[in-house]
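In the part that follows, the structures are each spelled out as structure tokens.
After this come two complexes, each holding chain A, first together with chain B and then together with chain C.
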Partner chain A sequence: MAGKAGKPSRPRKADKDEEEQPLQAVLVADSFNRRFFPITKDQPRALLPLANVSMIDYTLEFLTSTGVQETFVFCCWMASKIKEHLQKSKWCRPTSPNVVHVITSDLYRSLGDVLRDVDAKTLVRSDFLLVYGDVVSNIDISQALQEHKQRRSMDKNVSVMTMIFKESPPGHKTRCEDDDIIIAMDGKSKRILHYQRAQALKRLHFPMNIFHSGSDEFEIRFDLLDCHISICSPQVAELFTDNFDYQTKNDFVRGLLVNEEILGNQIHMHVTKDGYGARVSNLLMYDTVSSDTIRRWVYPITPEANFADLEGQSCTHSRHNVYRETGVSLGHGSQMEENVLIGRNTMIGANCTISNTVIGANCVIGDNVTLDRAYIWNRVHIADDVKVKQSVICDNVEVKHGVVLNEQCVLAYNVVVGPDITLPEGTVLSMHHPDEEDDEDDDEFLSDDNDVGYRKDKTKLKVFNPAEVGSEGKGYRWKTSSLEDTEEDELAECIWGEIPPEVSSNICCFDVVLLGVEQSLYVSSQLLKKWAPVFKNYVKRPQDQLDCLASMEEVFLERETHWAALVKVLMSMYQLEILEEEGIMHWFNQGSTTDKSQQLRRNQGLLKFIQWLQEAEESSEEDE
Partner chain B sequence: MPGADKETDLSERIESFLSELKRCGSGAGSLRGSAETARETTALLRRITAQARWSNAGDLMEIIRKEGRRMTAAQPSVTTVGNMVRRVLKIIREEYARSRGSTEEADQQESLHKLLTSGGSSEDNFRQHFAHLKANVIEAINELLTELEGTTDNISMQALEHIHSNEVIMTIGRSRTVEAFLKDAARKRKFHVMVAECAPFCQGHEMATSLSKEDIETTVIPDAAIFAVMSRVNKVIIGTQTVLANGGLRAVNGTHTLALAAKHHSTPLIVCAPMFKLSPQVSDTPVQSHLHDLVKLTSILSKVNAHCPVFDYVPPELITLFISNIGGNAPSYIYRLMSELYHPEDHEL
Partner chain C sequence: MELQAVLMAAGGGSRMMDLTYNTPKPLLPVGNRPLIWYPLNLLERVGFEEVIVITTKEVQKALSTDQRLKTDVKMRLDVVCIQEETDMGTADALRHIQQKIKTDILVVSCDLITDVALHEVVDLFRAHNATLSMLMSKVHEFTDTVPGQKGKKKAGEQRDFVGVDVTGKRLLFMANEADLEEGLVFRKSIMRKHPRMLIKTGLLDAHLYCLKRSVVDFLVHNKSVTSIRGELVPYLVRKQFSKMFGVHNKCTSKEEALLQLARERSCWNDHRGDMSEAYHGGKLRCYVHIMEEGMCYRVNTLAAYIEANRVVPKLFEDPPIHPTAVVTERSLVGSDSIIGPYCQISDKTSIKRSNVGTSSTIKEKVKITNSIIMNGVTIEEGCNIQGSVICNNAVIGRGADMKYCLVGSGQCIEPEGENAVVQCSSGYTTHTKTHTLHFCSSVVFVLNPAFCVCVCVHSLAHVCLFFV
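And now, the complex of A and B:
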């Protein structure tokens, strides 16, 4: 033992409790979803730079400063890159207080798989921290950890997990909209009684049994931000092994809460008021967490602290949160207004206006460039007269002169965008063609945020389209769904995180159809045909069809003059095979509650349609 | 191998010291006083001298300079670390010169005559090997450590000369040096102390409780009341985080306000600072009146930029007297003291 410097000494078996055990952590460096495609086709999410430091460095720094002494990093996608990065970083030095083990496997498909592996290899000996590789935080876990241990020792092993939340008012921009949760908790013991994703629902249902849990103080809270940091007991890994259905943390939490009477396991929570914790789950969160880091909300993890101990990465901090690394040259008349981080050896031309931006190393930026909320990674060339607004520009991109990037554009690695072109909002350009075959197999990734796979337009071209990337440009455009004229957030499936809610929620189906039908009334049946694939995706089960029809009813009840169109809509939906006869008949035969809907059902056109439908049904039955 | 063991042990200690430095700002205010930091730095430098491999003074200076750069880069706001490194470098130069037999005076004077007559630089001077250099340097560092331990007492001993009976003294925040200073004077004299609380960490409250335990009449006032109360104050005695080379201060926020109010009322401002706080840096932004060291606030506010500077720059014109462990000095004399402590070539590590 004498020669081993830097390793924490293993407690001998003779030593008493778990208090002697070094704190361990499980870091899942793969998010099991494709939110950051096409950027993550080249680089795993954990290595993407946030304020010029890889995201996994923030997570490891958080773990190390909170006293973790042994970390297991699980990687799946592009594991070799992550491993290489970690081995060069300060955490794999022999003097590091936190010993990092990297475990890779191609077979992980979800958080559940990782935890089952943890259990199979019996890596954890006592309570451990569970985090994702893209968590940025400065929360001090020691108090939560103490409470957790106390709870477990008092009530023998009933409490299985403690989740860490941060108090944050609704609508705050650090709250990720997809991750919004509503929690019912016991005020005294801080036990979670009910956990639900909010997803912009207007009505929520709470099962009554949660209020019978024997306490007299209940809180229903919507002001919590999930930090995605959990203190788990070794039982968590076992529970995942026992239940192959548990794939994501959401599944696990809900499963435990539902089966509480049977298994008796409880989940508790800890709410921190100071401290910052957030997960970069989509590009909108990337923007928010980046700007929070620059504005020093994550102190002491600040850009000039160079916590990752990288060579040559020291920077100075000046007024208005302007950080400049070494070798930066700024042209005449250029203004760095506020919240700017400029990487080393970057050259910025004359008369530029830069604000709320992060620029990586070795970039060359021309004259008269306006950068606002831009995230520019390394070795990027931006020519003169370019305007960039709220966009991400990855490594080695070249932006020629006169280009205007509107909000929420993403230029992935090695793209070239030609001169004098204005890219509309939400453009995603990548050197990978959208139809490219993945080397990975097609198993679905299972994660809490995995939603309906976004559709890509199947263009058969393999050449660059000058209309999209400019005359000298290179890159393919990754289109979002074919709904170009929608403004509703629910329907736009772009990687900025404004995604439709899960299919399983009936209410959302209702809304989708509602909005869809409204729009079609005003445009034409052409639009309906265009949207057919979307409708088909949502309307799969008979229950969905009923919902669809109910929503249409609602729409039409508001617009008496359009009842004639109802028939047309029903007809086209029937022909497009979105709705089936049984569904329509069922809906029609359903007792109607209001006068108006009764009137609707007596509409001539509708009656004729129903009659035709019945005949068609009979004839098809006769055929069979 | 014992040699390899020592080296890894040494680098481990350096690493843990660095990481402690990096995190030292993460609590409310600083977790350790500057005297402790200075002592730990010096102890670490002594260990480096003892355990690292070097054969002549030049090598040792290189090693210490390199480690010093890393330490100052880890936490730039803690200047005592850099100051101690420079002191040790000066010690090495002195010991080397003594071993060579040349007098110290000759090296110090940068007269015009010397510049014209002397030849090349003295770079190669440090390459000679002396057998006892290591022991001498370590002994000198030990002397430095004893000096560090006695600074607070040296300063407190001068208290009776400056504080008279029935005086009203004002101070701000919490400084261990000023606390010891006032407690020493309180043994023989009766006086009244007003403490400005120094928001947002309100360390003034702790100062007031500690002083009142020694039966000193203390009043706590909010920072906004400083000017209003100043007319009744006889003297202002403050501590500081750093003394800059031009005689200015980098002190806790609110000190500039206090200094301006004192100037307006012609109240003398006395700064109690030990010599290890003297730094060869000059404030690089004399016009700007604050040096930022932002600290986390307690709630996330979106769309609002919250600034919470921790330090203030106080220009030398506002200061009357510096009391240090070597006695009282005017701010205009600070540059001279500095040349005694540090060699000009070490100003830039």
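And now, the complex of A and C:
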């Protein structure tokens, strides 16, 4: 009798336990990639200031405000710095509603490692939030959490994860180029049926089996931004342990969806319309999220709120979103137009124009300086007559007289630039030499994944090049390209390894082929075939195709006698699927600058080829 | 005149051959009106004064003689006959009448019974200057047992996938599951323009289309397109995202140019998210109105036919028993039944949830429930008919007991006797070896002259098949 009476009471007790469990969160304070290199050589990403507050503070504030009572912070790269920062912060005060535990290990290589450790240490007891240390958000999770719990109580252990998304259609400012995801979902149950990153795809393919779920309404959504916030059940950690090949969240989601029928686990989603949530996953996102914060999209997390409760950080908010901390001095005739945040004790000279800019503490800015979309961190000295557009300037940088920074420049810690130099678009300068291989470097990354692209610079001597940084400048120039290109994708990283070592750069490899063109046409097409896999590895994005075509054009312009060969090279590249018609058409339609290249484009064979391509494209459209 | 109406009434009704093998589909009685009356009425209700009817000789003759059609339909009918044998598709038919088409057209199929507010479809067409706008509705689940079909229909039927944008109006994609073995493929550019696409299955295409005049011109130039639904509509839907199509459609008329200018100057936009011009510069646009509620049937299967007959009478205001019908007082006719003109219903007969057509005679002690009795049917004494369809001019012998049967037109079911004989119109006969004609659960007459099959299921065990 006693046994019988005991039985029904036990599950009830378990229910109660579940309800009373404090909400836990796992915060991964490491990105496991080098998107922010070379800045993150000196400071971990989670501690980089965004609107003068470290990013990890935004994440913790979000977690606390959404009701998290216990947070596990996992650090790897520069763990001691993060730990030190957290110990000083309000999160480690005894009054903090959110208990923060810091767990460090040098062995974490990916999100998968972290979650496997969570499982091994059995840290989580119930559903938990999984976020990165660079997420800025004000989303109220409670509704999604409730939905998640409801789903789990209805179907025990079927739904393991609820991902949080924010609406941001293509063209939206906060849409992250790397997270170009496309999702197929069940219209009613909000279950994710298909999840794919689409940035390299031209056509989006959905297998039929996802439509056999018995529902008659599906939604395909290309207007979502992954906030990188997910509500996970403890099973998620177990699944990572079971599948030791899962490294990233992407692996996990894809793996779960593909094996849905075998494992029987489902992933659901929650879309927020009003909330703000974004991950600072690259510098473009840094720019976007910073300006969104200043424009108060993340309310109530605003600069003047001083949510991190830092001493002396309080600031005033005035019209046009101009924020000033204490001790700011502004010279005669200087204007702060709009969306400006200026840190404490910063001095600004006369006749400056400042808009959409964040300036850190203790900076000195000279006269006649123009700043637009500049992110200037602490203790930066900027001399007179400097112009800065959409650039990041890290701590202790000195920008001398008359320097112009064009779009998307990065001046990493302690760099000195100038005087009187104009940095072209996308310049990255750092005190670390691009080739230097620190031991600390290897701590975070697999040691053999060095970027092949940097190798061409190896011949460079380890002296500061005055042409790059100015006569009094200090710093090395990193690979020049747009912000996006400096940071390669996790995906790309694994592919880099497969490339034959003798091919060290794009340009080089085209030269090989085009030398072949010179020899004879026949050889070239054979060579092309031989090198096709190499090309395919390099030429992935539309931009690569254009680069490829441009370099080919360059070679052909030098050798007028071989113009006839151009068509054949193009044709075989097209047939080998190295180049796509869109790329070729774009190149062809691009305004040519010189007479000679116009002449090249008027080549009979080429015209015929283009016409053929157009027709092929048309008919492929009709086939669909 | 803004729109010309075209009524397609030449279809053979190939999916319900049991009913249509000697009654043309447009003339099948539904709620004691010929099927064609419903689309005509739909058009008349919204104020069309003229309609082009594409049909066969046989139907034309009926159109001119049928009293009901003559009195009810005030519109001018411009009847165009096509030969039955030529196997013309709907697009072929449009090509056939292209001389008559002066404006944009509204194409309606003769088997559509709906109470849709037609302006919804036309408004989409007007508001977006669309090339095509069409009507769809939720598919109805037919719950009733269908004569001649055992059990429920298999769920494995191929679904139509319809993709609409977030407003649910713009038609972005259309395909049948059968063509999608490889999976659904979209070009990224489409997703960029319409980042949120709803894919719906379980929709019924009402076969009602508003089409631009230019589409008819297109058909004239492209003779390979034979069917509107099968080829033209999918083509138009696909072409919305083709870069090349815009070139053919250069705005030439002054009106077009004005519209263009108006759109350029206005701040209106059809989409949100990006800042590109309205419709992303596309000239060809397809829209769909999806009925959330209301009635919409396409009478193209037996199940739909039966369902329509059940539902339709409730919509009429006229009395359920036609004034010219003779119904004796000692019979029982439920208020959910309708009795057509010149019917005779004798004593002790009960009729429930059934439709009885024109000039039918029903003798004493007959019980009819859930059935459709067409025109000129004679039912002798003591019959029990349940869930069945009795076609024109059939004669049901004394004491027949029928459940879920379909009796073809002109059939004669002999009275209770030693050998019951089921006679087919084509002259083939089937002898059933039962003493009483006891039709239970399923009886099928596949009334094809080549062979005649009669399946009788008596008691539970015996299933007999007779091939002649």
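Assume the second predicted complex is superposed on the first by the 446 of 624 C-alpha atoms of A that agree within 3 Å, B and C clash if a C-alpha of one lies under 4 Å from a C-alpha of the other, contacts with A are read in each partner's own complex, and residues count from 1 in each chain.
Note that in this section a residue touches a chain if its C-beta (ideal position, glycine included) is under 8 Å from a C-beta of that chain, and two chains touch if they have at least 3 such contacts.
Treat the numbers as computed from the prediction; the structure is a model and nothing was measured.
Once chain A of one complex is fitted onto chain A of the other, the partner contacts of A:Thr95 are limited to chain B, with no touch recorded for chain C. Applying the stated contact rule after C-alpha superposition, one finds that A:His172 touches each of chain B and chain C.
In the superposed pair of complexes, A:Ser65 makes contact with chain B only, with no contact to chain C. Looking at the superposed arrangement, the partner reaching more residues of chain A, out of chain B and chain C, is B. Once the two complexes are overlaid on the shared chain, A:His332 sits clear of chain B and of chain C alike. Judged by the touch definition given at the top, the superposed model places A:Lys273 against chain B, while chain C stays out of reach.
Legend: residue contacts after superposition of the two complexes on their common chain; A:Phe307 is shown touching chain B, with no touch to chain C. Of the two partner chains, chain B is the only one that A:Trp297 touches; chain C does not reach it. In the superposition on chain A, no contact is made by A:Lys156 with either chain B or chain C. Counting contacts as defined above, chain A residues 172 meet chain B in one complex and chain C in the other.
By the touch rule above, chain A contacts chain B in their complex via residues 2-3, 5-6, 65, 93-97, 138, 166-168, 172-174, 273-276, 292, 295-297, 299-300, 302, 304-307, 314, 317-319, 321, 338-339. Within the complex formed with chain A, the chain C residues making contact are 159, 161, 163, 177, 180-188, 191-192, 195-202, 238, 241-242, 244, 272-275.
Chain contact summary for the complex, chain B toward chain A: residues 5, 8-9, 11-12, 15-16, 19, 22-23, 25-26, 73, 75-76, 288, 292, 294-296, 298-300, 302-303, 305.
Residue ranges of chain A in contact with chain C, taken from their complex: 169-172, 182, 184, 187, 198, 201-208, 211, 216-223, 618, 621-622, 624.
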